[in-house]
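Listed next: structures, encoded as structure tokens.
Two complexes come next, and they have one chain in common, chain A, joined by chain B in the first and chain C in the second.
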Partner chain A sequence: MTFVEYKQLNPFQRFAYNFKKFFKNIPGAVGRFFKGIGKAIVKFFKTIVNGFKNYGTTFAKGDWATKLSYVIFGVGDISKGKIYKGILFFLSEVLYIMYIIFFGWQFISKFGTLGTVETHTVQKGIIKQTVFGDNSMLILLYSVLTIVITIVVFAIYIANIKDAYKHQVMRENGEKPTSFRHDLKDFMDGKYHITLLSFPVLMIGIFNILPLIFMILIAFTNYDKAHMPPGTLFTWVGLDNFTSLFDIVNTPKKAKTFLELTEWTLIWAVVATFTNYILGMIVALMINKKGIKLKALWRTLFVITIAVPQFVSLLLMNQMLQTNGAINVLLTDISHLFGGTERVEIQFLNSSTLMARMTVIIVNIWVGIPYTILSMSGILMNIPEDLYESARIDGATPFKTFTAITLPYMIFVTTPQLITQFVGNINNFNVIYLLTGGGPTTEAYYQAGRTDILVTWLFTLSMTSQDYGLAAAIGILVFIVCATLSLIIYNNSKSMKDEEAFS
Partner chain B sequence: MKKILAVLLAGMMAVTAFSGCGGGSTESSGSESGGGEGGNTSVEVKDDLVDESVFGDEDNITLKVWAPDKAVALVKQQVEDFKAAYPGKTFTKIEVVAQGEGDAGTQILNDASVAADVFSFASDQLNKLVDAKVIADVAFADYVTEKNAEETVTAGTIKNTLYAYPETNDNGYYLVYDKTVVSDEQAKTLEGVLEGCKAAGRKFIFDCGNGFYSCTFAFTGGVKIDGFEEDGVTQKFTEYKEDEAVATLQAFSKLMHDYKGVFTSLDVAQISSGFSTKTCGAGVDGSWNTKSDQDALGDNFGAAKLPTIKVNGEDKQLISMFGYKYIGVNAASKFPAASQILALYLSGEKCQKQRAEQLGWGPSNKAVQEDPVVKESPVLQAIQQQSQNACVQVNIAATLWSPMGNLGNKLIADQTNPDDAEFFKKLLQQTIENVRDEG
Partner chain C sequence: MIKSYKFRRVLANTFIYILLAVLGIIWVSPFAYLLMHSFRAESTINVPYLIPHEWTLQNYIDLFNVGGEGGSAAINFPRWFLNTLVVAIFSCIISTISVLAVSYAFSRLRFGARKKLMNIAMILGMFPGFMTMIAIYYLLKAMGLAQNLVALVICYSCGAGLGFQISKGFFDTIPRALDEAATIDGATKNQIFWKIILPMSKPIVVYTVLTSFIGPWCDFILAKIIMGDKRELYTVAIGLQSMTSAEFINEYYKQFLAGSVLVAIPITLLFLKMQKYYVEGVTAGGVKG
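Coming up: the complex of A and B.
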């Protein structure tokens, strides 16, 4: 369809066209996404193959010192006069070997089984004493640490070979290696990014990446209430945790819980995100309209909800919505005014599924829109006034200005924020957990209630029923869903494709 | 200059990220020595004290004790008495730290090697501790068995081994009521309690959504818990008649719907505040809230065992969940003998009597149970009577609580029709299936 044809359609047809286009584009977007992943994998393997090639050719071309560097780190550097670097390489090898001998080996050697010696007791005089055996959790944890360290040392090993060969070539060309002082200066100049980032990267590695790998690996073990270290061992079970979430024949209850909670999680994320977005935008537009008096006052009133910490408002809301809570008392009083005699006792949170879900969404709107109003107001004030002026001169109606200028601009600027909010709502632990605690309860689900979303279910599984393996598996699945959706939406958004628009 | 500043700032940011993540875990390992003399486990104990030779080669003893917040002051004093009782030994330091009994077990499991040597905990955690093998067997089992009430010893025994020193016999709930609303006679039946509350326009509070209380509905119907299956994690139930259980659930649900607005499901904290504001007439409350209930009601405070309910024209006693508190010894303790001797002393007659007098805790020691302090307390009597009609809170699967809470929620829910027997049958089956994690 050409642009002119498009312009001739009436608004309904346009909507239908755009709607169809969106869904038609989804398979293509998904396809591109996986193609991208495929390309990345191919590139990765190519790099590895090239690495091995270089590894071989360097050895063939190397002199005795370079060849010796393949076994003893740093020999090549030292023989070429680059003493300090050679010593550092050599030290890292010595430290690594010592680490493996005195610490790493006892864990990494049991990585395949996660331990075989059970904890038992021995009699000592009149007192029985417990002798602790293998601790599967510590074995897993320190094995991960050892593997990561090994990878780092391997990188150092490759760097050592490359460096040895580089200096060999430099000597053949009659060049001298750079001095220690020169290298140090370089770290404040050419390699400044390394100086600045090495420490933060190290810390992220230790405190984020390591635990993350550990948690991911737990999803492939049977770490649960029946396999609790240090008393008992746990071991690898492959994909059992994942299959139990989909297997409606052997584990019908878990599968039903997972599938229905996923459905509700997605509904919740979509509804919560868009109600907040649209309503927040409407309120922001109203406040920012020309001729509205006391703008600052209205804005402040809405923003005051932010001043109370969210979890406090949510807990208060939970109390107010109880059967004997403030809202029911208020309703009772109102009904008495009109001659009612009965007490009003609406069960907002613990009786009907629909009622509880609606309540959650409405409370979420209440706590959420002030944030949208804040950011929207900022964006609205940023729209160039001359756009509106020329629209007015051309005789555009206010509605037309909204759909042709304001809305596209807002969507353009806020798509990344929308994605963040959507993902944030998929993982919106606070609102669900503090407001309903997952209720209304049901016997149809395994350890979950009707308003539980996947993350709150994950919480109950790990905190109450101690199904750590299962919980880790759910965590991974949630991540996959979030990451895929975000990447697809973001890569197809205007903000990504056409950065220059509106600037 | 700018660059140096930038490095400093980056460093500081990294350090802030780093702080707060302190603490490392030390690997715990036991000494392999010993194992020589096996069977000889009987040692002479007199007045909760033993001969100093039992300490073996332990001296310059350092111990850590966990006690609940309210009891710390008293336990500190008892520890001083303990030190005085063994003048021949040097105690470098015995530290008493506040730690709730509810999650002491979890804390021990987190890292046994840095946890307390001697700790009090609630009986529901016992199997977890035994499974993880972080709790040591009781060294003076014969003496402890002889001195304490049978049910507390039985509940502390797993596979013929006594694992903990009984400390109290009171961890349960019972009926509290305002005597101006509910008469002592009415307090005997649930129907009477509700009638009294209705007449006065007050509420009867029972926390139906909390599995700890709402398991009463299942237990009363004959669906009682009975430890674990062979696998050590699946909850076992006693044999029960499904018709009877369903009829009981229906009876409960019918009462809840007939007395809508009176029979309310609220947190137990609402009971004492309801007494103060004269909105609550009676409730099922835990023994740990006794003090605040008494404060709210003064002379009108009434306490009794749980009432009966009419099922098919027959009065049935409500069966509750009932737990005990124990003192345990950490298996990873560096002073195992001293820890055992201290636990023995703290769980002994003298200490239990002090706690009954000063804290109002129900004793497990047979001699203290006969003491006037206990005999004349209506609360402790009510609790003791209820303990005769209860399932013991030991060997509880982690999956018990939420399905039981759901059962209570469903009984009281507006949409539930109390006459629909089929619904209750299905509900019961599903609940048991969920507790046992089948499917």
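Coming up: the complex of A and C.
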């Protein structure tokens, strides 16, 4: 479709066109994604090959000090008068070797088996003595740590060689190495990004990436209640955790739970996203309609719901939805008005599956609509006033301006946000956990209740039943779904920006 | 024609006013209930009527009367409040520094690994957050920090650098001509950051400070995993959540409501303030220079 043809469509056709285009784009985006991964892998290996080439040629061209730097860090730098940097290189090597000898080796050497000696008791004369065996958890944790440190030290090693050669060339050209003071100044200017990023990157490395690698590895072990360090060992089991989620024959309960929870998670995410989007848009349009006064008051009324910490409002809702809670009291009062005499005692949260699920979705509307109102109000206020003005001059009716300007603008701007919200709802832990705690409980599921979604199941599995391996496997699956969706948005929103229909 | 058009508009607006009022009441009434019943004098559990019969401040007093009459040693609300405040202040400082540093580096500086690091940050953000929490718990335990407030500060601020998008977006809108002019005048990147970019970014700095300050008050998953059963180190969120358990709810329901009010009021005010700065930051971005 050409640009002119697109411009001739009415807003709804445009929306339908964009909608179709989005879903048509999905296979392409997925394809591009894998192509991108393929390219990245090729590039990665090319870099490694080139690295080895450089590694060899540098050694051939290097003088004695540069050659010695291949074994002892920093010699090249020290011999060329770059003392402080050479010493730092050298120190890092010494520290690394000491770390491996005194700490790392005892763990990394058992990485393949995750320990072989169980904790057991021995008879020593008349006293029974407990001998502590290997701790699989610590072996895995410190092995990951050692591997990460090794990679970092390897990077330092390469940097050391490059630096040695650089200074060798500089000396051959008769240049002097820069002074310590000069380098220090450079960290405030040319290399300022290193100064700024080193602390956050270090924090993220230790507390995000390290645990993440650890948990990904856990998904391939049988770490659960029966294999609990330090008492017992756990070990590698390959893909068992993943297959147990799909294998209806051998592990019917887990497979059934996974299947049905996935189904409910998707239903929940779709319904929660669309109800919030559509109802929120309607309320936002009402508030922002021309001629409605007290706009700030209306907006604040709704925003209060998200301003109050979510756990407060959800715990409060949980209390109000109890059998003797405020909602039932209110319903009783209303029924009395119409001549009823019974007390209303609806079990919202813990009897029927359908009731509990509907309650969760309705409460989520209460919690979620204000977010939509907030973002939509901003967008509505940002619609360029001259669009309306020219429409008015052209004699458009209010209804016409609404369908021709307001609605298409909103849909255009908020489509990426809609998908972000969808991903957010797949991961919406708080609403489910605080409101129902997963209930109503059921025997048919493995460690889950009727309103549990995948992420709350993950939480129960790791906190209550200690099925860490299974929980990690579910986490990886959820990640794959969310990451694919997010990448599609990412790719599409870029192409959407390029269109610049409203800029 | 004109008259009927006006009439229709008035009718439509009246209808909208009524609808908004009804919706507003529905949205706010749970909090009105919360507020009213936190002042209720009679009965300790749910009552079969909506408006309390007698009013009192006793629930609030009991909340601060730890271990004394009407209070319980297990419910140490003042201590929880203080814990949360301390954690919030420290993690706010660390998070703000990381966020601003990262977003400035990604927005204004050009270096080899920039694109790669940004992609890694994006992918890291896609993992379900609490997948790693078990591992973090063991890591902290190995460092001897489990069941400790320091651990909470670390947890809340360690990943802060990943949330750079909003402030990076703001920094992106500040014209680069300013940087170039300053560089010609001999300013270093460090000076540009402190003397030019930061003073121009007040709304987004305040926004960052407030978001990271509010975080610890609202989170409870992480705090719960780390603190376990150590009740005196609870934050308000897990403290209040523990009050709704079967063990406490029948006796301390009203205190739970009172505690919720005491947490909700300051956080609500801060949130409204933050929202104002957010809007200011996002809309003011393009106009500068």
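Going forward, the second predicted complex is superposed on the first by the 435 of 503 C-alpha atoms of A that agree within 3 Å, B and C clash if a C-alpha of one lies under 4 Å from a C-alpha of the other, contacts with A are read in each partner's own complex, and residues count from 1 in each chain.
The rule is simple: a contact is a pair of C-beta atoms (placed from the backbone, for glycine too) under 8 Å apart; a residue touches a chain by one contact, two chains touch by 3 or more.
The structure presented is a predicted model; accordingly, all values stated were derived computationally and were not measured.
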item	value
Touching partner for A:F207 - first (chain B), second (chain C), both, neither	both
Chain B versus chain C as contact partner of A:L316, first or second or both or neither	second
Which of chain B and chain C A:L91 touches, first, second, both or neither	neither
Contacts of A:F199 with chain B and chain C, given as first, second, both or neither	both
Contacts of A:I127 with chain B and chain C, given as first, second, both or neither	first
Partner chain(s) touched by A:I41 [first = chain B, second = chain C, both, neither]	neither
Touching partner for A:L407 - first (chain B), second (chain C), both, neither	neither
Touch count on chain A, higher of chain B and chain C	C
First, second, both or neither for A:R343, with chain B first and chain C second	both
Which superposed partner A:N324 touches (first chain B, second chain C, both, neither)	both
Chain C-contacting residues of chain A that also contact chain B	138, 188, 192, 195-197, 199-200, 203, 207, 322, 324, 343
Residues of chain A that touch chain B when the two form their complex	119-132, 135, 138, 188, 192, 195-197, 199-200, 202-203, 207, 225-226, 228-232, 251-254, 322-324, 343, 345, 347, 350-352, 439-444, 446-447, 449, 460, 464-466
Chain A-facing residues of chain B, complex	3, 6-7, 10-11, 13-14, 17-18, 21, 25, 27-38, 40-41, 43, 54, 56, 109, 112, 128, 130-134, 136-137, 139, 203, 209, 231-233, 260-261, 264-266, 270, 331-332, 336-337, 340, 397-399, 401-403, 405-407, 409-410, 413-415, 427, 430-431, 433-434, 437-439
Residues on chain A engaged by chain C in the complex (per definition of touch)	137-138, 141, 185, 188-190, 192-193, 195-197, 199-201, 203-204, 206-212, 214-215, 218, 283, 286-287, 289, 291-292, 298, 300-313, 315-320, 322, 324-326, 329-330, 332-333, 343, 366, 370, 374, 378, 382, 427, 429, 434, 455, 458-459, 462-463, 468, 471-472, 475, 478-479, 482-483, 486, 490
Sites on chain C touched by chain A in the complex	9, 13, 16-17, 19-20, 23-24, 26-28, 30-31, 33-34, 45-50, 97-98, 101-102, 104-105, 109, 111, 114, 117, 122-124, 126-136, 138-139, 142, 154-155, 157-162, 188-190, 193, 214, 217-218, 220-221, 225, 237, 240-241, 244, 249, 253, 256-257, 260, 263-264, 267-268, 271-272, 275, 279, 282-283
